[in-house]
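The data blocks that follow each hold one structure.
Shared chain: subunit A. Partners: subunit B in the first complex, subunit C in the second.
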Partner chain A sequence: MNTKLPTPASAAEPILDIRNLYVEYLTPRGPVQAVDGVSFSIGRGEVFGLAGESGCGKSTIAHTLLRVLRPPAVVTGGQILYKGVDVLEMGEEDLRTYRGNYAVGGEGQATQYTLESFRWAEVAMVFQSAMNSLNPVVRISDQITDVVMKHQKLNRAQARERAAELMAVVNIEKKRLDAYPHELSGGMRQRAVIAIALALRPSLLIMDEPTTALDVVVQKDILQQIEQLQAQLGFAILFITHDLSLMVEFSNRIGIMYAGNLVEMASAREIFNNPLHPYTQGLLTSFPSITGERKRLTGIPGSPPNLITPPAGCRFHPRCTRCQPVETQVAPEWQEVLPEHWVAAHAGMPLPDRTAR
Partner chain B sequence: MTQAPNAPAAQPASPPMLEVRRLVKHFPVGGLLRPRHVHALNDVSFTVQRGQVVALVGESGSGKSTTARLIIRLVRPTSGEIRLDGVDVLKSEPRKASLDYRRRVQMIFQDPFSSLSPNHSIGYQLERPLIIHQRAQGKAIREKVHELLATAGLNPPEEMADKFPFELSGGQRQRVAIARALAVEPEVILADEPISMLDVSIRMGVLNLMQRLKEERGIGFLYITHDLASARYLGDLTMVMYAGHIVESGESRELMENPRHPYTQLLLAAVPNPQAGLATKTVQARGEVPSLIDPPPGCPFAPRCPQVKDICRQAMPEKSTVGQNHWLRCHLYS
Partner chain C sequence: MKFILRRLGFYLIAFWAALTLDFILPRLLPGDPAAAILGPIGSRMTQVQIAALRQALGLTEAPLFQQYLTFVTHVFQGDLGVSYSAFPAPVTQVIGTSLRWTLLLGITSLLISFTLGHLIGILGAWRRGSAFDVVMPPLFNFIGAFPAFFLALGAVYFFGMQLKWFPIAHAAKDHLPPGWTVEYIGSVLHHLALPLTVSVLVNLQVWIQTMRNNMVSVLAEDYITMAEAKGLTQNRIMFGYAARNAFLPSITGFGIFLGSILSGQVLIEQVFAYPGLGYLLTKAVGARDYPLMGGLFLGITAGVLLVNFLVDIVYTWVDPRVRAE
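For the complex of A and B:
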């Protein structure tokens, strides 16, 4: 549906540039169009938030990006350019030796690596459930040393030292190094997972609902810590969540996804203060606020569509309160309606006059 | 519906419909020789009036769900009383009284994917309570099922009744769970995190449905949640729970605008607030909920409290009243 590609947000070369990505899950009842022509880019050191409901395709994008999609999922089109190299074109071998072949300077330690991986060394991921991403029968220390010994030329003692350093970075006491995951609290486990993700100093960290399973106080603590680490180490973040208020607080720019499409993309402030797409507007009236007047909120009527037979035209039209006849037929066009503010809009949609600003 | 949510509770002067007095629950854990106990609930007392939503907020493990499970009588309390219209339900006759109690007090669970039977149609699952509690007979059963589905916003009811849970979305399933609770015309509904598993865009629909049931039918709700914003939206009163104690309680708006207990202040500071931004409010107290296995004396929040005093580690503070319907347990105010 996206005929025009967005230009990178920052004038500088983006670290990640996803162009017109299509991913389908092949099922006996027909292909599920999970990601349907999505394009966005992430600048160096930027926090890009991808928001949407379950099943909208946000996690599928993260998995595609790391090339961990398994059949029945197939990429049916598009490019994922990481520092200019198409991740989808990399062979398995390349994925492991990425850094050797396309060594990127400026990171300080880049040269001492020989057999590096694209995964982990360049792009690392923090999953939602720490309990499921840590091995329950292996000590935390071994789970960290495994990673650094596999990817860097370190002996066990050096690796252990590095593990202790990493634990210190995420504020876990050194004596906890030899604990098993079940001996740690939920917050500490998630911090250990973050430490492991950061072990190889990646340039891009994907966080898929990193704090959804945690309590608010722990969530705030961990996000503040990530913000500090990001300021120190300068990695970019792809932050995936359904919690829009958290996302507005934490991200620089936000993309809103609905049923496999990107429907709006702008800076966090702009999304919050000036949402243009009816779905974004609906999402923003879907959670009560902790301050201000208590207003009756409506949410969005109906529920997300089945993606085997998505609605024709705009996929949101069956739930849209401002639906026009044209929307049921013609897919909206991805356009930059204000500087750096993109929206999937059809001809009849009331839009601000770009020149007026 | 122009009326703002959280209109004052119906009749504050009437005797409490549901009253919980000094409820305590200790779960035994560990060995035979040195039995230890998880102090899940310590001396919890509160009331729910007709047509009132009382929100119970707290972090995981704070005892919110245990409270609901004790009230619904899935688990027996270690000590304490549960009174419905003044009658102590724990002492009353088992079989018949218990059936009556279970009709009047219903529960909605967090996970609508596991609280409905996958093998039966929605219509069947709504018929069962009607038959067991003799609310309808013969042809009237079918009509009543359709009426319930329509009340819960599941249209068209004739079609919905023939569907199976796997054909429904999470929000629709939670509406079925609400319809099932309504089948027996309950007076109190215990809603344990009813929206936390639902997609953001359909949460408000379920909250507004509860709001409507409160207003139109005078049902009293105990709304259990970890989300303070939704407690403020739906709850007339909000109670904050920490490590098995209710540490602060007040009218929702007053409590959130004027939090007194350091824990309530911490919780409120941690709620994401797009207006403010992440860096503006620093969380002062680190750490997590302490172990509840044979805890030391004193206030359970003392180890994390930024304003801790010596006395806090020695004795649990008594209730101090700080405003109309607003009280807390904190040595700073006693």
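For the complex of A and C:
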């Protein structure tokens, strides 16, 4: 359904370009359409935020990007172009010589990617819960050295040195290098995960709810650190969260997902000041503003639909306060209603008057 | 270290309790233990012989506390009395002979079933739903569902009596002198084959099921997905990340099994007339050989406690979380 592609905000050549991605979970009761024709792109060094309720398909997209989807999830359509190479077509390690994909790099050189050389070296990921994403019985140092030794062919001593450097980058004392995950505090654990993620200097870092399990102070601390590191190392970020206020502060551009669809995409400022989709508007009223006046939070009534039999037409229509008859039958078109501001809504949808704000 | 010392303290207390119980139990027998033991043939014994037996049992006229001290001293000197059924061999010697065979059968069986079971469990969970996973675990589950004595009797009948491939009793040919000769070792292995196979088949499914289930739940953890995203090799993820964690509960299971080996694989040893501790225990009970029973009881308890202590040490070594105080 999304045939037109939005142009990336920052660079002419995006680092990541997701085109019309479909992912389904095959269940005994029928396929769950978890990601239903999503397209977006991320520029070099850009922070792209992906927001939406639990179960809207955000994490599924992240897992698809790294090809770590587990059965019963299957990609049923679309392309994920990383620097022009389709991630979904990359061959496994043992097939690298035969099935390696070639891409034309920035200097006009051919770049070869296999799944093996792509994972972590190009795209790394910070998982939701640091406690669960660290192997509980292996020292932090070994969890860094194994990935460094695997990819960069360093010996143990060099890898350890690299691990120590990385720990310094995320402000963890060198002596904690040989600690086990349970010996670190929650914030330190998440910083250790970030250190592991940066081990190979990836060009894109996926952060799936990186601070949800942490308290607000540590959360702010870690986000600031990520911002610094990003300025320093220049990687792009795909930032996934359901905390829209956090995202508005942190991202360049934001995509809003609902029930497997991307429903709105614009710059962070635009999303915050001029949300067009009723769902985005609902999300924004679900979080209190710290500086603004006290208001009753309205939220969004109802809960996300069953994705085995999603609602016909606009998937949001059963919960929409401004629902029109046409929306119950015809899916809205993904269109650029304002410059760089995309929304999947019906043409007849009344746009809020910007001057009135 | 503190943890280990605390555990050691606990096991020492447990051993002391077992020791004391071993001392008290014969003295709780109604009437005269010596008379009870000698009941069937007592009339043929002279008073001197009975007194000697009482002496050997430590049932003197001395005060109870003194008897207890003597008993404990004797135990620590390795003197558990004289076996009645194998008179005049000392209990320690009788147990020692059987222990060798039980350890040979039990430990070989445990090592084989433990290793094989874990490999099948790991591979089954790793390739969940594959032909391997659909066939192997249920097959061994089916075999393991038969009672041990049934499999043992079946093996004796088919491979021993019908096909005559393997001997049906004892641990080695009777006329062969024990020693490190090719002939003797060959005979031992030949005798070991059937009971070992049955024992492995009986125990295998426990390890397969435990490991497969643990693997399946560990494979759903985020750190496995992360390891995959890190681009590590399949082997590193399967063994270094998944199996390493799924294996932890098995260590405890290994300890429990190792302990239970000492009490012998009673049924299997019985069917194959294999001269291990289990066979000895049934013989001791049948002959009402109290010193031997007491010695076995004490020896088995000590063995189980020792094994559990070793398991604690190993566990502390492989799971850093236990170390944390």
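Rule of thumb we're sticking to: the second predicted complex is superposed on the first by the 324 of 357 C-alpha atoms of A that agree within 3 Å, B and C clash if a C-alpha of one lies under 4 Å from a C-alpha of the other, contacts with A are read in each partner's own complex, and residues count from 1 in each chain.
In this text, a residue touches a chain if its C-beta (ideal position, glycine included) is under 8 Å from a C-beta of that chain, and two chains touch if they have at least 3 such contacts.
Bear in mind the structure is a predicted one, so any value in this text is a computation, not a measurement.
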{"item": "Most subunit A residues touched (candidates subunit B, subunit C)", "value": "B"}
{"item": "Subunit B versus subunit C as contact partner of A:K150, first or second or both or neither", "value": "second"}
{"item": "Subunit B versus subunit C as contact partner of A:M167, first or second or both or neither", "value": "neither"}
{"item": "Touched partner set for A:L276, first subunit B, second subunit C, both or neither", "value": "neither"}
{"item": "Touching partner for A:M125 - first (subunit B), second (subunit C), both, neither", "value": "second"}
{"item": "Subunit B versus subunit C as contact partner of A:L66, first or second or both or neither", "value": "second"}
{"item": "First, second, both or neither for A:L238, with subunit B first and subunit C second", "value": "neither"}
{"item": "Subunit B versus subunit C as contact partner of A:H182, first or second or both or neither", "value": "second"}
{"item": "Contact set on subunit B toward subunit A in their complex", "value": "1-6, 59-60, 169, 171-172, 199-205, 208, 226, 228-230, 232-233, 253, 256, 266-279, 282-283, 285-286, 288-289"}
{"item": "Residues of subunit A that touch subunit B when the two form their complex", "value": "53-54, 185-187, 215-221, 223-224, 227, 242-246, 248-250, 272, 282-283, 285-291, 294-301, 303-304"}
{"item": "Residues of subunit C defined as touching subunit A within the complex", "value": "221-223, 225-233, 236, 240-241, 244-245, 248, 318-321, 324"}
{"item": "List of subunit A residues in touch with subunit C within their complex", "value": "63, 66, 68, 70, 93, 115-121, 124-125, 127-129, 132-139, 146-147, 150-151, 180, 182-183, 196"}
